[in-house]
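Listed below are the structures to be examined.
You will see chain A twice below: alongside chain B first, and alongside chain C after that.
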Partner chain A sequence: MDETVAEYIRRMVLRIPRDEIKTMLQKWGFLSETQLQTINFHQIKDNISQDVVQLCEENSADIKQAAVLDIIYNHIYPNKRVWSVYQMNKTGEETEFFDLTDFKKKFKRQLRSALKNVTINFREYEDNAIWIRIAWGTPYTKPNQYKTSYVVYHSQTPYVFISASVLKSNLPLLCQALLVASNYCDIREMELRSHSLNSLKDIVFKRYSQNFQTYYPRPLQERNAAPESADIRIIQENKNEKERIQRVNREVFGDGPQPKLEFAQYKLETMFKSDPKMNVLDKREPFRCLVKFSSPHLLESLKSLAPAGMADAPLSPLLTCIPQKARNYFRIREKKGFLPGSFVSP
Partner chain B sequence: GVFAHLEMLEARAHEAAVKQEEMEQQEEKLAGLRARVEELRLQRDELRAKVDLQQKGQLGKEGVVPNPAQPSARAVLEWKIKSLKALLELFYLTGISGKLTKRGVCFCISTAYEGTYLDSYYLDLLTKPEVQIYRHSVPVFIPLQQIAKKYLQTDIRRFLSVLYDHLNAYVGRRYQADQLQEHFSDQIEGTLQRNSLCNLLVFNYNVPSKSRTFPFNVRLLYGDLCCSLPTEVVISCTPNAPASLAETAAAHSDLFRRVALHKVFGSFSSAEESVD
Partner chain C sequence: HIATSLPLPSERDHLRPRIDLIVFMIDIKSKYSLRNVEASLAHVDASFFLGKVCFLVTGVGRMNYCSVEMNAIWKLRDVYCSPVLFCELELEGVRVATAQRLLRMLQICAGHVPGVSALFFSTLMRNSTDD
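Up next is the complex of A and B:
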């Protein structure tokens, strides 16, 4: 077994939390159950990884097999990476019979024709997600297994999720291979980025909770207010206002959990409005300003602003349009009022 | 022989029992409807009496005198709400229901496949200045934009009907594939290759022949997105398979084209049982 492969496997095992190592190795399936029994998973990680490398040596692991373990790790911990969303377009309207084998073949062929030194691995999951791992080399060097790009693609959809590659120069190659393999014409990056891959999927696949008005009766238990405190001397002064806020919030955000985004960024290119006597700016130039909202869970915190009394309900549509417009980067220019839909540049 | 005769008698008895059950159900239904008619007649009489009283001016200016024999306003309201809810549930169960919103209308498409209710999808439409889709929960691989471009402006009924067909066919195909994986995984060799629309399924299964099994590879193509049965079936077997299997392949191919996927495998299982 190659020295580099051994080192790669060793480092990978060290990354995995100790309690998860055994399950992940089982998922990998490269080491047999009997081999796994011989490892003591209670010792320090250094020693566990040495044992694993030893067993991989016995089975003569190559880099492709080691790469599978990397995909499994990233599939279980996708939130360690930042994911961007790309949208593809096609002109034709024929029904697509997406054939997985065909897709993989075309992708590999296209990418390898542009750059021979790449390691490409595929792994499919139950939810029709295809994970692609690419380790990039150069025309003169072998692929660097520590500089990998990840692509997640759901068949017959126009969206691709790419984990930001370290080497920006390889992005066009990757995009071209995706277009050829999936039979689309062009691809562009959307203004949507997050650590949470599943939340990005929820947003573009419209799987997040939207509050649609329907007649289908919801169980009445939901609508019962929480029992008022037993002491009748305590009255809620703002009861009406509180209920209005709850209702408006529900209409905007829906009932379910929000997709998880870490920030929203607004680049303002609007004119500074001030008292003309103050003469702050001589030239009539847009006042450039960047407003960034950060949060461990931005949409949930926006949802709780009005009920907590920190903001008026309804919130500004600039904030609430994020899931529907599928973007968290905005550029706002000076026009008649703020209308992010029409006046935001892609 | 005797067994055949016994079978025939059993079948007859079964038929008779089914008929009997049907008749009883009909009678129950009839009795129920009769009771409803009586109920409604009673209400009608009570309301008539109330109207008469009001017309004769006997209630005076104090308002309605609560009379336990007459249905109170509350009871009437409750009855109205109940029958409205039943009507709305009926619409919901038919598959397409809608509700007017401030700026347009919100449709709910409920899908089902052979008696099992599956997912519901929503479309929030604006009606001014022209009909457009404001937001929706339709899966992204359903060609919603294409269908909207064709029909949304001109014939909204057709738009809904075409979308309804697409969604129902999709959930039907998905249901069949899920059922296959869930209940017949022992007959499938390896994994079932599918895609988001479930319009291409590829898998291998074993066919017994003369005390050996041979793998068949099946490609099911569903060319019509509004249909939950394949338009093309390609079955191939290994080169060393006996010639007789070609006939079996043709028969299976025909089956896959006509019968739901999981039912095909269901019939394989029961065919095996009857051979034993």
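Up next is the complex of A and C:
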């Protein structure tokens, strides 16, 4: 077995939390159950990984088999990577029958014709998701297994989730291969990025609970109303206002859990509006400014701002439109017209 | 009675007892909270500022999250002639001590302490914090 493969497997096993190693190796299926029985999974990870490498040596593992373990790891822990969302477009309405073998063949052929030194692995999952792992090399060097890109493609949808990692220059090649393999015409990057792959899927597949327009006022007694403070000596003067805030919040954010995003970024290309006497920025040039909101769970924090008394309800639509518009990166330019203000550009 | 801002909703006027003390709470971590208090102050009748108003600044335990400048607080104290208390709500000891102080102030403002008027007490408090 190649030394690089041995080292790669060793490092991969070290990444896996100790309690998960056995299950993951079983999912991998490369080592037999009897072989797995011989490993003591209670020793320190260093030793476990040595034992695994030893057994892989016995089975003569090659890089393609090792890569499968990497896909399994990333499928279980996708949140360690940053994912971007791409949307593909077709001209015309031909709904062709999706042929997986054809897709894989075309993808490999297209990519390899542009760059010979790549390792390509596919793995399909139940929810129609095709996971593609690509390890990139250069025209003169072998693929670097530590510089990998991941693609998750749901064949019944025009959406592709890509975790490109370091090599941005290979992105056009990757996109081209995807278009050819899936019979689409063009692909564009959506301004939507997050660590949570499932949340990105929730947003583009509209699987989160959305707000519904109510055309009639809701009755004030709500089943889930916050319990009255236990102490009857405390009187809330603004109960009506609190209820209004809850209602507005529920209308905007819906009832269920929010998709998990870590950032919202707004690039302002608007003019600085100040008192003319202040003499700041005489030139009529856009004032370039970047506003970034970050949070472990951005949408949930926005949802709790008004009830916590830290912001007015309703919140600015620039913040609340994030799931509906399926984007968390915005460019805001001056609105040219009668009304001063700004509008969000695509 | 707890309110998020003033003026108080008029539909509850008939349910409300006499107001003896107004405590404006400012979260030092939130400029929004300061603006809210400044806007609410405009709705308070002038007679309250004779010792029946006090400012309570919370969140002082976390210096690196301060959003409100101390100058703004001192300005409020000077313009409205009312004392300022500081506390950290997350520490039980400080919370209880502050509650006891406020209760004592309330007793005076409600006229339950013979010989001490609200105005006298607030002058005492302000003079003791002057540098």
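Following the convention adopted for this analysis, the second predicted complex is superposed on the first by the 314 of 346 C-alpha atoms of A that agree within 3 Å, B and C clash if a C-alpha of one lies under 4 Å from a C-alpha of the other, contacts with A are read in each partner's own complex, and residues count from 1 in each chain.
To be clear about the criterion, a contact is a pair of C-beta atoms (placed from the backbone, for glycine too) under 8 Å apart; a residue touches a chain by one contact, two chains touch by 3 or more.
Computed from a predicted structure; not experimentally measured.
Visitor: Quick check on the chain A-based superposition: chain B and chain C, clash or fit?
Guide: Aligned on chain A, chain B and chain C fit with no clash.
Visitor: Touching A:P158, do we find chain B (first), chain C (second), both, or neither?
Guide: first
Visitor: Just chain B (first), just chain C (second), both, or neither: which does A:F205 touch?
Guide: A:F205 sits against chain B, while chain C stays out of touch.
Visitor: With the two complexes superposed on chain A, say which partner A:E237 touches: chain B (first), chain C (second), both, or neither.
Guide: A:E237: touches chain C, not chain B.
Visitor: Of chain B and chain C, which one contacts the greater number of residues in chain A?
Guide: Per-residue touch count on chain A favours B.
Visitor: Check whether A:N128 is in contact with chain B, with chain C, with both or with neither, and answer first, second, both or neither.
Guide: A:N128: touches chain B, not chain C.
Visitor: Pick one for A:Q324: touches chain B only (first), chain C only (second), both, or neither.
Guide: Touch partner of A:Q324: chain B, not chain C.
Visitor: By the touch definition at the top of the document, which applies to A:Y140: first (chain B), second (chain C), both, or neither?
Guide: neither
Visitor: For the overlaid structures, how many degrees, to the nearest 10, lie between chain B and chain C at the C-alpha centre of chain A?
Guide: 100
Visitor: Using the superposition on chain A described above, determine whether A:L100 touches chain B (first), chain C (second), both, or neither.
Guide: Only chain B is touched by A:L100; chain C is not.
Visitor: By how many Å are the closest C-alpha atoms of chain B and chain C apart after the superposition?
Guide: 26
Visitor: Using the superposition described at the top, list the residues of chain A that contact chain B and also contact chain C.
Guide: The answer is that chain A has no such residue.
Visitor: Which positions of chain C touch chain A when the two form their complex?
Guide: 1-5, 8-9, 12, 30, 32-33
Visitor: Using the touch definition up top, name the residues of chain A that touch chain C in the complex.
Guide: 234-238, 240-242, 309-311
Visitor: Can you list the chain A residues touching chain B in their complex?
Guide: Chain A reaches chain B through residues 93, 95-101, 128, 154-159, 204-207, 210, 212-217, 324.
Visitor: So in the complex, which bits of chain B are touching chain A?
Guide: 85, 88-89, 91-92, 97, 99, 101, 106, 108, 120, 122, 124, 135-141, 143, 146, 193-197, 199-200, 202, 221, 223, 225
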